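Okay, so chain A shows up in both of these, paired with chain B first and chain C after.
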Partner chain A sequence: MKKLVIAPALFAEAGICLIAGLLLGFWLAPVDASSMGYSQKIFYYHAPIAETALVAFGVSFVAAIAYLRSGDLKWDRLSYVSVRLGLLFSILVMLTGMIWGKAAWGTWWDWEPRLTTFLLVCFLYAAYWVLRSVVDEEQRRATYAAVFAIIAFIDVPVTFFATRFLPAGMHPTVITTGGTGMPGSMFVSFFISMVGMTLLLAALTRRDLAIEKLKDRVADLKTTIGG
Partner chain B sequence: MTIEEGAKFVASAYAVILAVLVIYYFMSARRVSALERDVQLLEDEANRRQGPAGGAGAG
Partner chain C sequence: MSGWAQFRAILRKDLIRELRTRDMLVSMILFVLLAMVIFHYAFTVKENADLTYFTGGMLWVTFIFAMLLGLNRSFAQEKDERCLDGLLLCPVDRVTIFFAKSAGNLIFLLIIQAVAVPVFTLFFIEHNYAGDLLPFLVVLLLADVGICALGTLLATISMNTRSRDLLLPILLLPLIVPVLIAATGATTLIFAEGAGFADLAARLLFLLGFDAVFLVAAWGTYDFAIGE
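Let's turn to the complex of A and B:
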């Protein structure tokens, strides 16, 4: 059997960008002058991970629409894999955000708009997971999951714009229509990390899609042998 | 907060990220290996079952 080598170049490129972003963030970018101080260095991965999680949920949304239009299960697989990776990145955002919150604000958690809506996103996509596990028939499961993925995505732009429309919370808005509000070296570090996280998402998506295809192949072979 | 105090939080955050991503990477790598092995075994079994039937048909 042909050995599967899944996206090694993407993983390598992601690794290079993430290491470069981190090194630049620590050695080139200045220490933040605000009350956040040195803990602001968490930002160089925290913010790109958050954006990547939202991108993954966006991919899931588009794939869900594509599935409902075509009925092709490859779109269901992409939607499912994207939700799984979106949740993985969301867990990382929550964990790093809590650590950063404790350092910068003195509290692990605050019920402010960005944190609350992000937690809601996590719960919604966790429910997507539960929904898939309780429906056995493949096409029906894919249809229910696609409809749920589309509905759940409504909270994603709400989360993204929460700090812009409801600025009362503690969470800062980094990128606005007026610019990034960051010195150039900070922005370069952030941007390279952002590219790295996006490449990592692409690499993990390809690998997880390969896993889903292998699962389908195993199921087909079992049916063939059993029949 | 001093740099030393902040550094502890920064190190903790990056350690969490590294740990979660590395664990996920190796878990999915193990999953790929296990599934490839299953596919190989099942293909061998399917070929073995088809073998005698194919031989009888040819003869």
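Let's turn to the complex of A and C:
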């Protein structure tokens, strides 16, 4: 039997990058000169988590297309695992965003485009989960989930665009088409955290995939035994 | 039989079936009227309260929920009477089924709106917006197309699951929030500020883009959604 792959090396690399990013964020990067002060330091985790969540949903989208094209359940597993992790990261985005919002602007919640988008994304992918739970047959569940994962991922930028029609919020725009708007030392810390967060996603994805595979194997064995 | 003839045949079947019983239309119209009366009591918090800036929201919330009722009903009948199985056995392209079902749902939604909008105007709108009627109709039509396309795709999926009609709102509502934001904003601007095409351009373009993107996405995935 193959050994369970939990990728300890990936976890270790992710951990090193995340700790380094945070330490550099405090030591190397300057303290925010505006009203945010030290509360701005959460940015070195908040923004990478947000981008990692989107990467996870992107993976689920590509895996969903691959499943519909090939009918191979391994793609469905990858899509499912990515959605689950993406949802986890989205919830973390909202939590870190709320903490930052409270510290910087004195309010836990602000209906600004990015935070609102992540709230809607959470509802969207929670629906994906509900959809999976109400279809019993494996192939059919995978197909419906894939269709929904594709539609949902297309809806993410559309939702973000639509939230621009709402009255403007207070969220700073850091990365624009004109550049990052960050001094070099901030960018280094941000970039290292970003790499760390992406590695963490990769490590978690590998571990979850292995667990899902084992679950399927157990289910198969049960059927074979006649349980 | 060409694709166009098949499309018309399926659409005609849906319309005839509904016009014979009128189950769905009557419930949808009654629901819409009831919702407006309830909104009146829910929002009139003081005498002569100005509800102008709530009108877009009231109207679209009502339409979306009426649409959910209709979508569930239309597919429940298909499933219960095994009509869909018959359709799938015919040599018809699945995409034709999608477009015909979407067009049917669009027509039902437009009928509901044709009844609801005059009543809504009578109840809630104080000034004459006849001059802005054309932009309003364009907003209605553009938003309806997007809602019906996604609604038809997701109703097809949800009717094949264990929870059937319970699932549809959970799947559909988060997806059509962008339409709601744009359509509600545009409608409120028309009713409250007499906005014309120039003021609504960004929202109208957005709705058009939404329709195009999701019609293509639904067209590409419907084959899988409707199953074997």
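We adopt the following convention: the second predicted complex is superposed on the first by the 211 of 227 C-alpha atoms of A that agree within 3 Å, B and C clash if a C-alpha of one lies under 4 Å from a C-alpha of the other, contacts with A are read in each partner's own complex, and residues count from 1 in each chain.
Following the convention adopted for this analysis, a residue touches a chain if its C-beta (ideal position, glycine included) is under 8 Å from a C-beta of that chain, and two chains touch if they have at least 3 such contacts.
Everything quoted here is computed from the prediction, not taken from an experiment.
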- Message: Going by the contact rule stated at the top, is it chain B or chain C that touches a larger number of residues on chain A?
- Response: B
- Message: Quick one: is A:D208 in contact with chain B, with chain C, with both, or with neither? Answer first, second, both or neither.
- Response: first
- Thinking of the overlay built on chain A, is A:S185 touched by chain B (first), by chain C (second), by both, or by neither? neither
- Task: Using the superposition on chain A described above, determine whether A:R140 touches chain B (first), chain C (second), both, or neither.
- Result: second
- So, does A:T198 touch the first partner chain B, the second partner chain C, both, or neither? neither
- Touching A:R217, do we find chain B (first), chain C (second), both, or neither? first
- Interfacial residue positions of chain B with respect to chain A in the complex: 1-3, 5-7, 9-10, 12-14, 16-17, 20-21, 24-25, 28, 31-32, 35-36, 38-40, 42-43, 45-46, 49
- Task: Provide the residue numbers of chain C that touch chain A in the complex, in ascending order.
- Result: 150, 153-154, 157, 160-163, 167, 170-171, 173-175, 177-179, 181-182, 185, 202-203, 206, 210, 213-214, 217-218, 221, 224-225, 227
- For the chain A and chain B complex, residues of the former touching the latter: 1, 3-4, 6, 22, 31, 37-39, 41-42, 45-46, 49, 88, 91-92, 95-96, 99-100, 102-103, 200, 204, 207-208, 210-211, 214-215, 217-218, 221-222, 224-225
- Item | Contacting residues of chain A [partner chain C, same complex] | 68, 120, 123-124, 127, 130-131, 134-136, 140, 143-144, 146-148, 150-152, 154-155, 158-159, 161-163, 165-166
